[in-house]
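What follows is a pair of complexes built around subunit A, which joins subunit B in one and subunit C in the other.
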Partner chain A sequence: MAIRRGLGIGSMYYGIGYGFSRADIGSAEIEMAEDGTTTVYSGACDMGQGVMTVVTQVAAEELGIEPEQIRVVAADTGSTPDAGPTSGSRATFVQGVAVQNAAAELREQILDMASRMLECPKENLVVRHGQVCEIESGREMVSVGKVAHQLHFHGRRAAAWGWHDNTTADVDPETSQGDAYATYGWATQLAEVEVDTETGRVRLTKLVSATDAGKAINPVAVEGQIEGGATMGLGYGLYEQHILEGGIPRTNSLAFYLVPTAMDVPDIECEIVEVPDPRGPFGAKGVAEPATIPTTPAILNAIYDAIGIRITETPITPERVFFAIQEARDRGEFEED
Partner chain B sequence: MSEDPSTETAEETRGAYSWIGKNVTKPDALEKALGATEYVGDMVVPGMLHGKILWADTPHAVIKRIDTEEAARVPGVHAVLTAADVPGSNRFGLAVLDQCALAEERVRSVGDAVALVAAEDEEAAEEAVAKIRVHKEHLRPILTYADALDPDAPKIHDGGNVFQHTTVRKGDLDKGIRESAAIVENAYHTHRMDHVPMEPEAGLAYVDPSGVLNILVGTQYPYRDRRQIAPALGLPMNKVRVIQAPIGGGFGRKDDITAEIHVGLLALKTRRPVRLVYTREESLVANTKRHPMAMNFRTGAGADGRLTFLDGDIYGDTGAGVSLGAYVIKKAGIHATGPYDVPNIRVDTYTLYTNNLTSGAMRGFGVMQAAVAHESQMDQLAHKLGMSPLEFRLKNCLKPGLASSTGQLMNEGCGIEATLRRIKDYMSARDLRFKRPEAAS
Partner chain C sequence: MKQRYVLRVNGRGMEAAAEAHESLLDVLRENLRLTGSKKGCNEAECGSCTVLLDGRPVVSCLVLVPDAADRDVVTIEALATDGVPHPIQRQMVEQGGVQCGYCTPGMIMSAYALLLDNPDPTDDEIRFAISGNICRCTGYGKIVKAVRAAAVEMKGQAGNGGAAS
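Moving on to the complex of A and B:
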């Protein structure tokens, strides 16, 4: 075994949302029942990455109630408003603001009614942990449930609608100049690889992912995105290739189409970077794609660091590396041990 | 200047929030951990039929005739449908309507669905699919970038095989080349990738007593599904309800129509609930993939280590349907510089139809491919100039006040320097060093 080690980095930027004049909107309804429990009707699909959790936390924070009091009804044309797709790393960035807007309006309705009930100026009141409190003393005056009950009693809905438009104009058709995206995601990864110079096999032995979340609304969920992204990036770099011959797939089963397994995924260190973005909810932006993109470039650069050979074709299969080493040897350019 | 510019601001706000920045448990965590979540493939409703698709077995052909009689006679079969049975436009597509729910006169890739069956059980449906006879005349398939760029090659769609050509132009390329002390030129090739979500494509459809077609589906966007399903099936949009079922991953492929139109059509025709669940093998063939791209990049930097120019071409194979490919490849072009200040740019991108599998949205959306090229170029330039790859990036990265490849002025949300410094700090804390270039270590 002739193992050589190398380190490499990869960086990227990624336009968050849709760009190109494509509709890029979020919208949500929020409704508080007479007992203070709250439902958010959010059109955004949760695909496991946690946008429902983000919606819950944003609504809880903005409204001043506990997350346990919130239920999210998601992604149904029969019951939720249109929030655009969950793609383009946009759900937190766009839908988060729509939910924040809805929750802020509902909070104002609650404070208006509480002000009447308590005969206290609205400016002196705040909602915290489900209670309307006097700002100065911090004293709990009345629960939001009681206020919501009064709103319903007076024939009001205790409900609000929030909307957010993140649509950006298309770039110039000749030069592509213009403000292409509302904001960008940023990331840099460091990869450590081992290259077996006899077989050409490359193993990723360590990955450090520094990903800018703007503000991590739920740090564990961000770590999940970072680990999942790096794993998908690793699959792209080293394993997953859909081979067609004459237009017909030769890799149409998981016996031939290789995805990374637990044995292939190294220790991934999540470095959550937070450069707040004033356009996102509480400074947050999406991380799904930024956490995925730098892995393959970092591996390519680490391979060069290890063996002095530049691979320009993906995936980086053992055959490709093996023959690249042979060719370098033939040219007398391979650094022998 | 080794401090992380992000730390202070984040620290200032932390602690002020009750719930932001806290690890609140996902509302669906418990049911997922207990295995209690019902995905479409787990759902069973009374009277439910099973749908099955006959896929094309050749990438490019003219369909002469489809014989379904024998298939329809299989016991337990309730419907055998072809394009002729579709009551609406039969078309869908995210950028343009260039895909058929069921193939009409042409097959354009082996990911095209040709016929549909609904039966009492999966076995009967499979038997019926095997008994459908498709009579066809083979056409020359367009499989390579060169074939797709050849103006004399057969056209896959009426508009020709070059669906889109985009251009990025900034500054003065010749000036950038003149000012370069190091120039690196390479051709990069990236491959086709499948999303491989844990859950393959799946849908369950039924017509409710009020006449509304309900479709439960693992999707990324129910409203856009409705926008596509209704005209394809000839229904008013308010008679279609799309509900996102619990989903086992999407990663971009479920942005597109997957099982929706097929399962909806079967439910409309049979007036029974119908469930359609792809096998993994079907999922690997059907719907969208990540675009293979060919990228020729020439990049320069001055003796001072500042980037001078990027001169590049990007060719993307979008397969038989454009899906979101036009946006994917345009985005690759815009992002071809990477997160750096590059004053002089020429980049051209080409979105090409082929008879390969359709490519569309996938996590990374064109930037995945572009980054393979721009990051390889960055390291090679750094090495040529005897600079550390990290210092070279720090010198060239976008910062507030600098402009991106599209001339967009960066503002306070520009975090690339912070991510690079975080990695730099990580490396120095552990005394990790690049071996190359030797001069920089």
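Moving on to the complex of A and C:
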């Protein structure tokens, strides 16, 4: 066996949200019960990305209550307002702001009533850990639940609605120039590969990913998105191929369409870069798809570093590498061991 | 024609009326309402239906119900004790090994089978043990970390006079 090692870098930027003047809206309702339990009705659907956790954290942070006090009702067309799909790396960036807006309005309702109850100017009050506190002394004055009770007692609401429109201007139809997206994600990955020059087999042995998250609202979830995304990028680079023959899918099961297993994925080192984006909730922006994009280029560059041959087709199957090496040999361009 | 089969599931004798060609997975889910085991591909490729049969991990979609009769079946439902999650379950949550959750029951059963056999596995042994369980969300790293942490936790418990089984 002749194993050669190589390192390669892939970099990318990616438009977050829908861009190009396509509708890109988020909306949420929020309501506080008289024990402080707060329900967020959020249209964003969580298929494992973690948006329900993000919604919980954003609402808790903005309101000044504990995440444990929040319940999220998500993606139920019978009860939640429309927030568009969870796609385009947009859920945190767009829906996060809608939830933040709803929570901010509810907090103002709480502070208005607390100010009346405590006979204290509103600007001297803040909500922390579910308590209305006096800013200067930090003293806890009254729980948010008691304030919600008073709001109801006086026939006023402890509920708010939040909306966010992330729709951008379109680019110039003639020149395609312009700023198509509200913001962009940035990521760079470093791949280390082993190439078996006899069989053409490529193994990814290490991956380091640096991803701009704006602000990591939930770092474990951000890492999960990056590791999962990079794993999809690895599959795209080395294994995954949809083969149609005469219109008939030949790769119609996981036995033929190969996705990475635990034995194919190396240690992935995640570096979360935080450059707060003023348009996202607490500076956050989308990270999901940006993690997928640089992986294949990084692997391709690492293969070039290892064997001096540019592979230009994916997935980079052993056959493709094997024949690329044969062709380079035939041209006298392959450096033998 | 339906026949009655006696299964030992999670230590309890259970009866199910099923066709001989029905899978253990279908009987667990449809007859016994044990829906923790998931039906992903139904052809032994994804691992989300993994259960233990006589202590070995199997994909229950490929086990015919007559072949499971009078043998010990352990499903994900048996792992928690009085509502307290098993260390592997707890660590999966703790370490972020769960995203969409669809692979999780099968993943945990494969890890559970590994730790019964090998209480102190290396990362490579963990990766090998769960290599038949496909996860599309996590990239596996946090799952491996969770199994490793669970192994440490379980060894610690065993060291305390074997209080936890």
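In this section, the second predicted complex is superposed on the first by the 337 of 337 C-alpha atoms of A that agree within 3 Å, B and C clash if a C-alpha of one lies under 4 Å from a C-alpha of the other, contacts with A are read in each partner's own complex, and residues count from 1 in each chain.
The definition used in the following text is that a residue touches a chain if its C-beta (ideal position, glycine included) is under 8 Å from a C-beta of that chain, and two chains touch if they have at least 3 such contacts.
Note that this is a predicted model, so its numbers are computed, not measured.
Participant: Look at A:T211 in the shared chain and tell me whether it touches subunit B only, subunit C only, both, or neither; answer first, second, both or neither.
Facilitator: first
Participant: Name the chain, either subunit B or subunit C, that contacts more residues of subunit A.
Facilitator: In the superposed model, B touches more residues of subunit A.
Participant: Taking the superposition as given, does A:S11 touch the first partner, subunit B, the second, subunit C, both, or neither?
Facilitator: It touches subunit B, and subunit C stays clear.
Participant: Thinking of the overlay built on chain A, is A:V220 touched by subunit B (first), by subunit C (second), by both, or by neither?
Facilitator: both
Participant: Going by the contact rule set out at the top, does A:H164 touch subunit B (first), subunit C (second), both, or neither?
Facilitator: Neither partner.
Participant: Who does A:A187 touch here: subunit B (first), subunit C (second), both, or neither?
Facilitator: first
Participant: Of the partners subunit B and subunit C, which touch A:H149 in the superposed model: first, second, both, neither?
Facilitator: In the superposition, A:H149 contacts neither subunit B nor subunit C.
Participant: What is the contact status of A:A255 with respect to subunit B (first) and subunit C (second): first, second, both, or neither?
Facilitator: second
Participant: Classify the contacts of A:T231 with the two partner chains as first (subunit B alone), second (subunit C alone), both, or neither.
Facilitator: second
Participant: Classify the contacts of A:G43 with the two partner chains as first (subunit B alone), second (subunit C alone), both, or neither.
Facilitator: first
Participant: Does any part of subunit A touch subunit B in one structure and subunit C in the other, and if so which residues?
Facilitator: After superposing on chain A, subunit A residues 47-48, 50, 220-221, 229, 232, 253-254, 259 contact both subunit B and subunit C.
Participant: Residues of subunit A touching subunit C in their complex?
Facilitator: Listed in rising order, the residues of subunit A that touch subunit C are 47-50, 220-221, 223-224, 227-232, 253-255, 259, 261-263, 265, 267-268.
Participant: Inside the complex, what are the residues of subunit A that reach subunit B?
Facilitator: 6-15, 18-20, 22, 43, 45-48, 50, 52-53, 56-58, 60-61, 64, 67, 71-72, 74-78, 82, 84-88, 128-129, 171, 174-181, 183-184, 186-190, 208, 210-212, 214-221, 229, 232-233, 235-236, 240-244, 246-249, 251-254, 257, 259, 269, 271, 273-280, 282-283, 285, 288-289, 292-294, 296-298, 300-301, 304-306, 308, 310, 312-315
Participant: Under the definition above, what is the set of subunit C residues touching subunit A in their complex?
Facilitator: Listed in rising order, the residues are 41, 43, 45-46, 95-96, 99-101, 126-128, 130-144.
Participant: For a test of understanding, state which residues of subunit B touch subunit A in their complex under the given definition.
Facilitator: So the residues of subunit B touching subunit A come out as 4-6, 9-10, 13, 17-28, 58-60, 109-110, 141, 143, 166-170, 186-194, 196, 214, 219-224, 226, 240-244, 247-252, 254-255, 280-281, 284-285, 289-290, 327, 330-331, 333-335, 338-339, 347, 354-357, 361, 363-365, 367-368, 371-372, 374-376, 378-380, 389-390, 393, 397-398, 404-408, 412-416, 418-420, 422-423, 426-427, 432-436.
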